[in-house]
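Attaching a single structure in structure tokens format; questions to follow.
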Amino acid sequence: MSVRNNAYVPEMATIEKIERETNDVNTYTLTFKDKAKQKDYSFAGGQFNMLSIFGFGEAPISISSDPQDRNEIQHTVRKVGGVTEALFNLKEGEVLGMRGPYGRGWPLKEAKGKNILVVAGGIGLAPLRPVITQVIKNREEYDRFELLYGARTPGDMLFTDEFDHWQKVKNFRLLFSVDAVPKDQRWDHNVGVVTTLFDQMSSTPSRTIVMTCGPEIMMKFALKALLARGFNSSQIFLSLERRMECGLKKCGHCQIGEKYVCSDGPVFPWAEIKDIPEIVGWK
Amino acid sequence: MAEKKKLGIFKLTSCAGCQMRLLYYQHRELEALTAYDITYFKMGKRDNLENIKVDVALIEGCVTNSEQIDELKRIRENSTILATLGGCATRSSLWGLKNNKPEKEIEEKAYKDLSTIHSIKAIPVNDVVKVDYLLPGCPVGEDEMTEFLQSALVGRRPFIKPHSVCVECKMKGNLCILVAKKEPCMGPVTAAGCGALCPTNGRPCYNCRGPMIAANAPALAKEFKKNGLSDEEIYLKFTAFSGLSKVYEEVTDRA
Amino acid sequence: MPEKKINIEYIARVEGESTLDVHISKNEITDLKLKVWEPPRFFEGFLVGRKYDEISDMVMRICGICPVSHSTTAIRALENAMQITPSAQTKKLRRLLSYSQVMSSDILHIYMLAAPDFLGYESVLAMVPKHLDLVKKAIKMKMVANELTEIVGGRAANPVTPKINGFYQVPSKERLNSVKKHLEAMQQDTVDTLKVVASLPIPEFERKTEYVCIRNPEEYTINEGRLVSTEGLDILEEEYRNHIIENQISYSNAKQCRIKGRGDFMVGALARVNNNYDLLSDKAKEAAEENHLKFPVYNPFANTAAQALEVIHLTTRCTEIIDEIDPKPEDTTVNVKAGEGHALTEAPRGLLYHGYKLNEKGIVEKAEITTPTTHNVLSMEQDLYKMIPEIMDLPEGKLALQCEELIRAYDPCFSCSVHTIKANVKKD
Amino acid sequence: MPKIMDEKELQSLLGLLIKEYRFIGPVRKDLETGFGEIKSLKELVKDYTNTIEPPKYLFLTPQETLFSYEMKKEEITITKTEEQGHAALGDRPSLWSEGIAVEPLQGKAIQQVIFGVRPCDVHGIRMMDKVFKEDFDDTYYQSKRNKTIIFSVTCTSVSDYCFCQSWGTGPSLKDGFDLLLTDLGDRYLIETGSKEGNEIIGKMRLRDATPMELKQKAAVIKATEAKFTRKLNIKDIQQIMISQPEHPTWKDKADRCLSCGNCTSVCPTCYCFDVQEKGDYNPSNMERYRLWDSCQLLEYSQVALGGNFRRERISRLKQFMMHKLSFSYPQYGDFHCVGCGRCIKWCPTSIDLTEVAKDLRGE
């Protein structure tokens, strides 16, 4: 049995670049050591890789770069556990393990010709960045685009240096909110949880695909607000977080109801999961 | 070769069995002890450096006098990673039996002149200072000690099993003596890591490793009762090695 | 004459925590105190109210180095209290268990705690670069002894199989045979160990104290026997309390013991060999003679040689016992009865006493434990009183070191000695 | 064509298998019967209804290395990926490897035989095969599975816990075996279900079973079927199990649940595992391994920063029962329950999923 055919064994990848996003979030630009592998690798926005920090372990991390860019893969990572802590100790040029991509991504095809509403909280913007990049690159394929993005504080917002660029895109509307503003930080936007932005949003249920990712509690409230505004269960897509050990539908940890988050998700249309007993309470 | 990490091994109130596990009962002790630069280990060496910064501090034993509180705080300040070594440090273990009755009552029984006695309740280490990792066991399990020492070398978080002894017992393919023989096995509420040692050796688990986090003590107590144990016997089972742990308090609380 | 003060803040490489304070003024010892400040743990207090079948598991936790001794002694005392006579197989397995622990503890003390003293190192780890082979040999021997404990007891540290009237599970002949091979393979190492120990320079010092241990005319014993001494003591184990008395002392958490009407005494390997030399195997005697060792010896520093000698004997003896048995499961039912029972065994560090009083439900009403180090503390102090004047001219540091080495030669276990703090303490 | 063999022929067949293969079969474990490696026919237990543990441990070993690697500066080399089994608790010295010890199967030629697998467990293996084949081959599972001959035995006895009849996963078996033995009283009917099975039986000169003897087999099965006391009504079970998450029976069972994980450990179709990293005192040598996990354990659904999707005991209990009797069906086309009754039998507080199903149905 060669290593190649063993789905549990990661490929070696080099850290090309590390960019600091916030206090506890970095973006890592990776390339496979095996150039052929790099060439063959393709993914959809919303999918994730299993990253191995050798000596420490493996964790599922969503991909935050442009799916059309075949030269590199980016992961925007928050330092939250043993593996991500170890990743933060690595330097440019060092090696980690990567296997993937896994799971179902955002419904960019379904969204063609329609409006897109993105509701993101905190690190939840990372898996949605490929959506934004794709919409910008293929602007004519989609109609209105609106982003509601909330974070704990202004300092916790991701990709702020790209906001200017995004603002300028035609038919793009960005709404920002933070839970709190520390004294030393400047903030010109909304204060409050991300759902408070719903009153300012222009998106309507008509011909709109909603994509949301963030803390589960945020998604719950967003969902309630959206349903109350008449959005239906097949136009809302959520990206769920669950514990994963394999990404391959084997270890069992990520199951909710009959779904494996690693393979059937992480992106689900609400219609698909709303009747799962563990999720029913969200409504 | 990078400089070795500094390791300090400190003793509070205990039987020294866990230190002995390092020095004596271990299968790979030479590797373990030479992987670190051991700066403090009174039972193992003469030259011990007080109050120096260490990368890793292992604390054996629990606090039973006020001087130990100060000592422990000093150690915490001087160490990057601090872990308990064994049951006493983790949850005061057997010495917790002293907490069973009002403090004064016990002390008056022991000493006529209380002015020279500094003994206080048996307090586990994590009630005094922040503990990074808890290594349970009486003595500390060799597997988890090894896992800890190896992971601390690189800064990995050790994998300390939080679940019940039953999981390991089943992994070994043992017959469940609680079910098959109605023996009062504490396995279902006891933290794993021993490899289900007692059931493997034909006897019910007696909880020397203390409670597992999600233990359902009342349910097991009820089962014991069904199997013919008296309330008193059940009380003894749940108090022996757990230092009157909160996890068991629904069973052990007699107030 | 200058004033000297020896303060050994803690005695390293012994089990437990202790301090030695000696004050010398005008060549006279004005103050000498061996303070055991290992915190009290109230064992005898909290054993009261516990059930008979928990006691062995609990008392094992008195000492991390000789759990087998505490377990066996408690079990035997409780059997005596309930008038239970265990089977011949149980007795043999208990011997294996006890012997294995004495062997590994002796080896530990010889190589890891005492040898650094005689070779001039601060610890066994410091010995690794220059004496790796020796250290490895020691570890190997200790592993074999631990393996035997583990096979019979289920775990080397705090064994789990011993119970009142037998064992929860007996080891298979197959596993015993596997360790037997290792025991046979280490026999030469045990002989070499004595050679190394006998060649080490030990301080010339003698004090003719009374050496006390148990004796069984059939076998160099660790478990079960009469209490004897080099001064003619010869009593049954249940008579122990009539002859050995304990005093609480103000400056230490450990008690001190003396023989009624006489005085201090020493227990441990040296006491065992001094009293039972005739019962040692031919191989051990041969090795003793080869190394010009003649017993009785009255130099406490020779305790280490006595340990090495008994390891030779016990290694052979264990292989013999393994040949004698083919363990089968037995009925180990206990009929609970009220009663009082006492037992004496030889822990690695010497004489260990347990006594219990049970009510009709098998609940402990009274518990008494006297540990080897408690037996020895007074003798240590007496040795120091005699030795210090003999070496008074040494510089303070060296003087202190030799005092420390003397204490260490006893292979003391200060955590052991403290659990026995009694309920009623009299302060001076 | 089913063949007939007498006791002597069976003994010689088993003797041959013991000689030529690693032979796993039912052995005495204290009061009960469990699987163990058999070196002599004497060790084989005949009068058992089912084993303590399901045979899954032979393929999904309680703990096994996924791969080892060496870290040298920027270079990381995967040094070992060979699928292998380990003793239950890792690479402990001999003293620890009592209990289930799973030795690596080396080379292609070496195979193992599991004898005495009950029909329910054969179905369990069939379901596990699907899980570990779906989308890609789990090489660790498959390599051991592919080298194994399943020698099943038709049930003639039934325990209080058995309810395979309700699923149709027992007491008899139609496929999924290499060899199947049925005790006809004074002789045995032996059937083959694979090329490997055929090859083994082909070596023996056995006569074909007569139509009468085939009828006898049917009678044996019928007699066994009449012995079942426990039943699970599987009609609409997929919907019924999830229909009332707030039904009081859940709380009642959760109050009794010890979260000990025994149910999932003894379940022949539970496959969850955890993946961990293991080091060495030489920190450049590392290993990634997996070990059994259970949805009943608190840490199972824990994510970074202490988040836990199943913090409540009741939610974990629901996950187990709902997965077995509902979710697994849309996932794999099988209900991951074969009616072996082990989860009921070995639950220290006798929590019974057939009882929960009844309660939810309102019976």
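By letter and in written order, the chains are A, B, C and D; residue numbering begins at 1 in each of them.
Quick note on the criterion: a contact is a pair of C-beta atoms (placed from the backbone, for glycine too) under 8 Å apart; a residue touches a chain by one contact, two chains touch by 3 or more.
Owing to the predicted nature of the structure, the values given are computational and were not obtained by experimental measurement.
Considering every other chain in turn, the ones in contact with both chain A and chain B prove to be D. Of all the chains shown, the one with its CA centroid nearest the global CA centroid is B. Chain B and chain C have Cα centroids lying 25 Å from one another. Averaged C-alpha coordinates put the centre of chain B at 35 Å from the centre of chain D.
Computed centre separation for the pair chain A/chain D is 38 angstrom, with centres defined by C-alpha atoms.
Computed from the mean C-alpha positions, the centre of chain C lies at a distance of 50 Å from the centre of chain D. Within chain D, the positions touching two or more other chains are listed as 276-277, 279, 283. Among the residues of chain C, none is found touching two or more other chains. Shared interface positions of chain A, i.e. residues touching 2 or more other chains, are given as 55-57. Residue ranges on chain B touching chain D, taken from their complex, read 27-28, 31-32, 35, 143, 147, 149-151, 153-154, 156, 159, 162-164, 166-168, 170-181, 187-189, 195, 200, 202, 213-216, 219-220, 222-223.
Within the complex formed with chain B, the chain C residues making contact are 10, 12-17, 38-42, 45-46, 50-51, 54, 57-58, 61-65, 67, 104, 108, 112, 116, 122-126, 128, 135-136, 139, 142-143, 146, 154-158, 160-161, 163, 168-169, 415, 421-427. Only residues 154-157 of chain B touch chain A when the two sit together in their complex. By the touch rule above, chain D contacts chain A in their complex via residues 66-67, 69, 71, 74-76, 78, 81-83, 131-132, 134-136, 138-140, 143, 242, 245, 271-277, 279, 283, 286, 288, 290, 293, 295, 300-305, 307, 309-310, 315, 318-319, 322-323, 326-331.
On the side of chain D, the complex with chain B involves touching residues 29-32, 34-36, 52-53, 57, 62-63, 88-90, 92-93, 96, 98-100, 255-262, 265-266, 276-281, 283, 291-292, 294, 297-299, 313, 345-349.
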